[in-house]
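Quick notes on the structure that follows.
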């Protein structure tokens, strides 16, 4: 391994958008389901999700962590994984990721996931919280807040959570798409919308009201919190073409100077790079676009180095559940960066010193600056 | 050639979306016109369509099949082709493609093309039929079916054709685009729309009525036929941005479990790969995106291996007319796969056994499963 | 360097879309600002725009022109540049670009830029003018033309300018986007719109009236002028998704046979390539997509060689201001073409003679034909 690759392999990462790892043992069918981001359906019987770039990457890179040869067959992988048990598997993958700081979205399906402390003890890294704005609203719905009190209650709840959080996140991508009016709603609109939504929210509230989502976004901005936005790929709940980050142009033009972090972006990562050049406060990552493209992540990461200034890119895995994803995201990102930058250095386009410096910026320093770690 | 390349070169292909080869001699200007998919206009006098990636690929790979050196000049290529005559040229190219099964769209401009039997005898492979839904409607228009009888007549005609067909195809891309309501119309709507369309269809009927196109789609689905949909590039009749397969999201969410096959997809093949991950019944190919990008097909094919599980991709040439296209599609696909997988194997990301297995799935096995060959 | 690379390095270029170089000394902050195309804001204090692909390319390729080692630190680069002064710096970069003909958009912010004669004497090349249509309208507004006289005055002014111009350019991308009605307006509509716009245009008129912009487009077409259209990336004034050239489909279908030149196109260069295949009169370049992606321009240029016939592509830098951009555009294009074509020749896909021929077409011959140089 050359000096650049060694540097990239060793630099501790800030994984700036991640969820907890599972605390529960899985069935194989569940595990395979978690290798598919887009579909909530069972994997059909005539195929296996292991036959995908992510599945091949698991067999290539995760098998050795479980003492198997690279490319071990799926059946052997599964058997060995079950044998070691969730705690040992989690310890190995989280510890092996080389992540110094996990910035954790604590707002989604957390009952079977490690919390902040669990992530710290399993990995040896630090964990920081990001508040999911829609989840705050859904908490309030369960607490029987009235429409009239909603705005104050939301603001107070956000303030309380922000004490211990480094940023906020919105999943409006899943709830409304980006091609809507994203200006701040008036207080009267919020009261009206809150009354209507709270009345019908039920026992499993799901915030899909445009007015309240916009209110949440602007409440986070008003507090100066770095704002993460899911963009691009995700499960098929979202309309992918309606979460192209370009639809955020008007919103970004009107947003004051808080850091905005566009997550994933694939297949719109070039568009995200454009926005990161065009707005001083816009940053992005290729998140899910790394794990789910496996060996092709080298190409995806290379495409993410076009228009954006290097101070505007961050690393994330968006891992959720299987700790393979926490590990593999880091490994594939390092591999993509070492390969891509290595070629540019070999061909004389970049100096090696610059390559090391940029790798460190994206691995760690940009996130430290944005989240004031 | 290494073992993987040998395997990929030898594996018999199912070309799951193709048309017949010409039975007639062409003028050179016609031939050049057929190297241009997008434009119905004559090639301007100040250029030659041979000066394109497809034209260069013809000179590189097809010239040797006609006993010329690779890269033979266009004039020599044309002279030799004319000398050999359509039958010999067709026999060489179809036979040389290494295709065991042609799945033929028999619904477009077939008077100067080989039919199923002609394809079989010229190539030595088997031919299977796909029914073009819009062509069925246009047949009925010529038979003076009434608006009131249209739905039954269409259903009966489809049932009759489906006896000998392995799937159905819709070209709504050319007729309406995808950004319309694609739910099943009511019987009353169909009767009304049929009456209106049949009244004005004339001697050369062209189905462009949204209601009847939707009716045809859902009739095919109701029969359980694998459903091919033209998406992405084609001639400039279509609005390319309106045939991005992402506009099919609502349709796919509502479609029961029949295989849906997104054809071509370029430049939206990443979006197609997303849909193939997100829906268990969605499959895709890069069809026209192979021949028309020539040497760049290596990159296009590589991009098609990102999100989609490997069980969800198929091979097609979409060749129509010049048998160079039937041959070249197969050759370029093999070359792209051997190059791409070969690099991944050489760099240790994939095992060679996996690479051979995935190549065989896409070359043949996935299509056999989908079309029950 | 192999023979192909030598040929590509030596072929004189027609830079078919460019602006003048600065005549004034810059502050460093201004210079860095000009390395960012998308944002009008100051570069934030916690970053430098040198840390971008364009910045790295400046340090790699421009530093040696100023007698510094490749990859010289930004501070040294800036110091040396200031030391040499604007005239010497401009002479070196313009002279070093190897451009025989500059086709100059003279309609934007020209007070601090070299004019046609200045470009000629600094570079040793020839300069030709392209008339910016919106700028003509803005001239008329300052001359107190009435709404009733607008159409005639515009037509006369265009005729006068066209005497010495080789083409026209529209920036409707910045003013209206492409997803509007682009048919020719009626005379009555023009009179009405002109009256309204001229009344409110003020001292710094900015043509953003859809009717008058459409009128200008069709006036240029009526004169048979090659028509340049900004598409794709630019500053954040534009809605990037609304300047995807696919939104021009209806316009192109209705446009008679004058050359249309789609500029930049990134990240929609594949879509532009499609249009260049689908319409005999459509041409394109990847303009801004070269300089601003630095080393990645190799990939961007390679992607531009897919669907478009080779007679339909041109070279441009879209340089404006710092003469580094005039130089670097040429250098990076040559490098991308030599690398990409070189690989295809090495792998046997293209012949070397073809590669040289295609490079010359795009470097020079296609532009000569289109603009009748």
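Miscellaneous remarks
Which chain is which? They are A, B and C, in the order written, and residues in each are numbered from 1.
One rule holds in what follows: a contact is a pair of C-beta atoms (placed from the backbone, for glycine too) under 8 Å apart; a residue touches a chain by one contact, two chains touch by 3 or more.
For reference, the UniProt names are A, B, C = Amidohydrolase family protein.
Everything quoted here is computed from the prediction, not taken from an experiment.
A complete topology is adopted by the chain contact network, contact being made between every pair of chains.
A rotation of 120° superposes the C-alpha trace of chain B on that of chain C, rounded to the nearest 5.
With centres defined as mean CA coordinates, chain B is found 37 Å away from chain A. Taken residue by residue, chain A touches two or more other chains at no position, since every residue touches fewer. Across the interface of their complex, chain C is touched by residues 36-39, 41-44, 46-47, 49, 51-53, 56-57, 60, 70-71, 233, 235-236, 239-241, 266-267, 292-296, 299-300 of chain B.
On the chain A side of its complex with chain C, the touching residues are 244, 246-247, 249, 253, 270-271, 274-275, 277-280, 302-303, 305-312, 344, 347-351, 353-354, 358, 361, 369.
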